[in-house]
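In the two complexes that follow, subunit A is the common piece, with subunit B as its partner first and subunit C second.
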Partner chain A sequence: MKFKTFFWFVAPSVFMMLLFIAAPLISVFIQSFQVTQPVMQQVEVETCTPGFLTQTCTTEVKTVPTIDEETGKTITTTSWVGLQSYRNVLQMDKVWEAVSNGALRDILQIDFWRALRFTLVFTLLTLPLVIGVGLIIALAVNNATKAVRGPVIFISLLPFIITPVIGSLSIYWLFVGDGILTATLERWTGQDIAMFAQAWTIELLMYFYRVWHVAPFAFVIFYAGLQTVNMDTLESAIIDGANRFERLRYVIVPHLMPLIIFIALIHLMDCYRVFDEIIGFRSEAHVISLQWLTFNFLTPDDAGNRAISRAAASSMLTMIGIVILLILPLRRTWRDHKGGAH
Partner chain B sequence: MYLKKLALAGAVSLMGTSAFAACAYENEVPLKSLSAGFEAWKAVTDAMAECGNFQAELDQEFRTKQPAAFEANPSLYHIGGVSNGTVTPLLNAGTIRPLDDLVAKYGQNLSPNQLIKVDGKTMAIAMMVNTQHLMYRSDIFEELNLDVPTTWDEVFAAAETIKAAGVVDHPIGATMKSGWNLAQEFVNMYPGFGGAFFNADNTTAVNSDAGLKALATMEKTLAYTDPEVLVSDSTYVQQQFQQGKIAISNLWASRGGAMDDEAESSVVGKVKMAAAPMAMDGGAPATTLWWDGIVIAANITDEEADAAFRLAMEGLDEEMVKANNEAAIWLVKGYEPGPLAEGAIATATASPAAPAYPSTTQMGLLHTALGNELPAFLTGERDAAATLVAIEEAYTTSAKEAGVLE
Partner chain C sequence: MSSKATAQPLSLKLASGAFLAFWCLIAAFPIVWIAVMSVKSPRDAFAASAWDVITGPATRAAGNGLSLIDIVLGLVFLFFAIRWAFTRLPGLVERFTPPGMIALGWLIGALVYGLLFVLIFFGVLPYVFGALNSILGPLGTPIIGLTTEHYVAVWGENQFYRNFMNSMIVTAGVVTVSLTVGTLAGYGLARSGSNLAFWLLIVALVFRALPHSVLVAGYLPWFINSAEILRPILGDLSPTLYGQPWAIIAVLVAINQPFTIWMLRSFFQNIPSELDEAARVDGCSHFQAFRRVIMPVMWPGVITTGLFSFLLGYNDFLVTALLLDAQNQTMVPAIAGYFNRETTTTDQVEAVAAAVSITAPLFLLVMVFQRQIVSGLTAGAVKG
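Coming up: the complex of A and B.
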């Protein structure tokens, strides 16, 4: 393809990527080093609030933002604060203190590290499960008789098309309080079960939900890959006396390796941004994720305050985390790619 | 035949829309409002809609939308529904207008109690009061021969008896969902022990003896609640009550009406209200007083503001209150306090009275800090003293970022 043709072919998508990905990223990057705050002033205010029959009026000194007389907008100042927002999020002083005291568990009481712990465990634990379950379904469907294949594929794909937040809410409602499944389990075991009362049961449900939700994606990819397995190699493996497992181990899996890497990449990127489960399961008291942390910084309180700077720092840290996680699989793809070019 | 039917259907639907016979006038100016979505707001906005040309948005997430929507010029909404917690950002940004002229013009039926004055200027019109107060199953209390508790110690004693009797799943229901709700529990309890939230220099004072006592009381509650209490919000507790699973709760007065809703509740007539329990003898009820009311945007034309206020007065009239007497503890003329209002009135008129929820920037920041740091204490990961230190630090960090502290 001529360069010019190529250029005009990709230009719209490059433009969109610059506008919607690069520009916000740069903006967030800059904001993570800045703090914008209103200019506050102390004023004495008399406020009257209703009781049931009469009002109570109180006079107190309030700290309120200054409003520009002309524009009617709040006057704000923006200052460069260096790494202060990162320090506020990471709280390294407390981390070192915990390390020097030998009380490593204390680190997990800092929101960022608590969120990082869960996010990492969640990502790394669900990864092999998604790939494994996806592969098993793909092999099962591939070996199923043609007549049932269509319906089986359809049913296997269902979890994937459910909107994540709706899916997690459904699981929540099935298990919370006297939800159908909890009630059934309680009748069955004769014990009072509270799935949302402690961290580990919530985490277990989250792992289960994520694998249930994403495995169909892995399945579809693997199933497509299985159609391209070289039959000659498989047949010669059979002649060489390879059993089913050996054929899987030495023929099929190596053939699917690029797809496994692909799914691992997508899964790492998606999982590191785990969010819907936290909101759907209302697990903030027990389990939080990095993405939720950013969201929490951005949510305005009743007085309208948002911690924009810390939110920016927290999203930058999330991005750095994803990049670190992706280095390994990306290096492998890069090597394969270079190898293939020879 | 078909045409005839169509014409008939058209006529009927026209009759439907011209229901603003109930309104004293016909509204000519297109108006919009944004408010919370609970029962009382539905009643008020429905009454406003009778005058025509009015679009109401009822959204429980209104608090996150309102500041930005009112800051737009022209404002995206003319009428806002606020409470004393959520009016703060609007007051701070100057996006709502003083209403004194309009009150003089259309507010003949308002009582002075309804006018929310800031520095002598009326900035909002209150329509109802709300507070968290004691709700209890009167049938269970009678059966077990229990007195209505007036302090938290008595609540725990009663809960112990109820637990021993095993008549309900969990004696106490609590709105302790991690975040805003849980923080609110502390905000109720802490002043009950005589604690002040802030020092004169805007630093927080929660790391105190009263703070420790408030935490201890909250922890005691856990022994009697559902183990999943850290996910239960007001709606969840309301449903637990309606389904007869709990016997006592310090719940919002605005949820009272739902107890006698025959379509949902299996305990109609059995839930009674009393003043919020006191945290210590001779103290104020351990709760905060709230009001809900309307504000008018600043960034709209005077004609629109005029029409909006007139419409709001139509929504807050006697007729609406009479039709929806049980929907709230109304401040509007014509309200007749029923049995469901007893608890809220007792709370509001107690001496010393419960404090109003402070509408300040600092309180917003502290509320968030509380909501984020309290769960670790209740799950047992952190002790009370360390939790108070963590709350103090979290508040200090965000207060510095917000420019409240140097």
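Coming up: the complex of A and C.
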């Protein structure tokens, strides 16, 4: 295909990606060094309250935002502040203070570090669980009779396809104060159980939710992979005296390896932006993630202001994380491409 | 597999079967349970014993319930309605649609069928059954508590249908635009072996990994002030992009583009390139070859990719919550509005009903398109 034809085929898609992905990235990068604030002015205000004989009047100087006479909007200025927004998000002074005091736990009081800790632990803990559970389901379905497979796949797809916020809500309602599973657990243990009162139980439920939500995806892919396992290799393994587990370990898993890497890559990307669980479980007070942090900066506060520059700084920091996560898989792809070209 | 060596001992078969049953229970339980909760009175929905939640004594005591007759007749109606959909509906659709418009015909057919079903099942049958129950006496007394009051409250009083319409607009827009743009790009990428195509795909992969909040942080200041920024170019017609459904569509299409082009590229690679080469030999340009030869055979891949675009648009919370205002809110962020109000148990059960309303279309989607979803998942994986 000539370059010109190729260009016209991909042009609309590339244009959309440039305008709505690349341009915002540059904009965020610039914003993270800027702060936009309303121009404040000091106004003398005289307030009078009715009193006996005469009014009591006090004059005070108030700081109010300047309002444009024509448009009725507040006038804002934008100034370069260097790394100030990053400092506000990272709060390194408090971190060093905590390190010098030897109280490393205090670092997790700061929103950004708390979010980073949760996001990383969440990503790395659920990864082996998803692959393991997905593989076990795939093997079990492969064992089952043909008539069962269709319905099982149908039921398995439900947790995968459900809206993430709704999925986590549905689990939230099972475990909420008077939810059915909390009530059952309380009856068994004879204790009062509040799943949403402390961070670690919420985190457990989040891990459970994520595995419940993503394992079907891994299952479907592994199941497809299992259909193409070479029967001859499997039979020769049997002749060589390999038992069931060894066959799984030395024949089936190596066959599925490319798929495992694919799922791991997708899972890393998706887990790193964990967000919907925080909304569904309403865990803002206990557990937060990096993406939620940016979301929170972007949500208008009570006065209607959005902390755009801090949001930009925290998103740039989030980006650095994703780049570090992706460097290894991307280098691999690059080597494969180079190798394939020769 | 039938050889003796691979035959499995009974214990292993039992264990794998038991595990499968256990997994199905876990997979379905939360979804089924909220569906059950949504049709009970608040006291039953949050009752401590599971049996009470299922049978709903308080709901029954309030006079809302299904009698034996209701259940039997309802199931019979359901059976015939579904059978009719599979035996007669295809014929009707084919008879009334002009040739070449069969996809549109199916869309309209399914919509009309769905509307009729809802009207009869929820509008007409309750009255008929009510009359029957009053005549039949003991057979007509309710045995299972069931009430639709929460759905009525959600869709009627809380005007959830507005959010539903917004969701439909956004989702339909996302699916059509991202497929149009994506098929062209996917085809171009599949047929070009150049380094540039490879780099485009790698960049798209990196874009796919971006957290959406990063992008939204980039949009927000521009979207809010877009009227003033665009004024020098567009004059007084310049719109404020914040809160506009079509701006959201553009944003979601762009976010979805990396995934779409990867997926469609792998589908197009499976279409033998001899097909379009033959068309080119016969004198077609690349675009003509695409339109006349590739388009007729590309629909399975396009439908599969469309399903995933649908899911992205339909399930999105973050982008729509931040970039749409309250009037144009879609369903998923709208449910967050219930959190703030959720003070009484009635509010909670209404939130459950809203959640089930959001899930129902997805359930139908899996039922109809199970095979396409599975093939889409595996196609993406095998090609990497």
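Simple rule for what comes next: the second predicted complex is superposed on the first by the 302 of 342 C-alpha atoms of A that agree within 3 Å, B and C clash if a C-alpha of one lies under 4 Å from a C-alpha of the other, contacts with A are read in each partner's own complex, and residues count from 1 in each chain.
In this text, a contact is a pair of C-beta atoms (placed from the backbone, for glycine too) under 8 Å apart; a residue touches a chain by one contact, two chains touch by 3 or more.
These figures come from a predicted structure and were not determined experimentally.
Enquirer: For A:T63, is the partner it touches subunit B (first), subunit C (second), both, or none of the two (neither)?
Expert: first
Enquirer: Based on the superposed arrangement, let me know which partner A:L259 touches: subunit B (first), subunit C (second), both, or neither?
Expert: It touches subunit C, and subunit B stays clear.
Enquirer: First (subunit B), second (subunit C), both or neither: which does A:R282 touch?
Expert: So A:R282 meets both subunit B and subunit C here.
Enquirer: Looking at A:T189 after the superposition, I want to know if it touches subunit B, subunit C, both of them or none. Which is it: first, second, both, neither?
Expert: In the superposition, A:T189 contacts neither subunit B nor subunit C.
Enquirer: With the two complexes superposed on chain A, say which partner A:T299 touches: subunit B (first), subunit C (second), both, or neither.
Expert: In the superposed model, A:T299 contacts both subunit B and subunit C.
Enquirer: Go through the superposed model and pick first if A:N101 touches only subunit B, second if only subunit C, both, or neither.
Expert: A:N101 sits against neither subunit B nor subunit C.
Enquirer: Is the number of subunit A residues in contact higher for subunit B or for subunit C?
Expert: Touching more of subunit A: C.
Enquirer: Common interface residues of subunit A with subunit B and subunit C?
Expert: Common interface on subunit A, subunit B vs subunit C: 178, 282, 299.
Enquirer: Show which residues of subunit B lie in contact with subunit A when the two form their complex.
Expert: By the definition above, subunit B touches subunit A via 63-64, 67, 84-86, 88-89, 91-94, 112-120, 126, 129, 177-179, 182, 200, 202, 226-228, 230-231, 236, 240, 245, 289, 291, 298, 329, 331, 344-345, 348-349, 353, 356, 359-365, 367-368, 372, 375-376, 378-379, 381-382, 386, 390, 397-398, 401-404.
Enquirer: Considering the complex alone, what residue numbers of subunit A touch subunit B?
Expert: Counting only subunit A, the residues touching subunit B are 35, 37-40, 45-57, 61-65, 67, 72-74, 85, 88, 108-109, 111, 176-178, 194-199, 281-286, 296, 299-305, 307, 309-310.
Enquirer: Flag every residue of subunit C that touches subunit A in the complex, lowest number first.
Expert: Within the complex, subunit C touches subunit A at residues 1, 3, 5-6, 8, 12-13, 16-17, 19-20, 23-24, 26-31, 33-34, 37, 46, 48-50, 53, 180-182, 184-185, 187-189, 191-192, 194, 196-198, 200, 202-222, 250-251, 253-255, 257-258, 261, 286-287, 311, 314-315, 317-318, 321-322, 332, 335-336, 339, 348, 351-352, 355, 358-359, 362-363, 365-367, 370, 373-374, 377-378, 381-382, 384.
Enquirer: Using the touch rule from the top, collect the residues of subunit A that touch subunit C in their complex.
Expert: 1, 3, 5-6, 8-10, 12-14, 16-17, 19-21, 23-28, 31, 36, 136-137, 139-141, 143-144, 148, 150, 152-159, 161-167, 169-171, 173-174, 178-180, 183-184, 187, 212, 216-217, 220-221, 224-225, 231, 234-235, 238, 244, 258-259, 262-263, 269, 272-273, 275-276, 279, 282, 290-291, 294-295, 297-299, 306, 308, 311-312, 315-316, 318-319, 322, 325-326, 330, 333-334, 337
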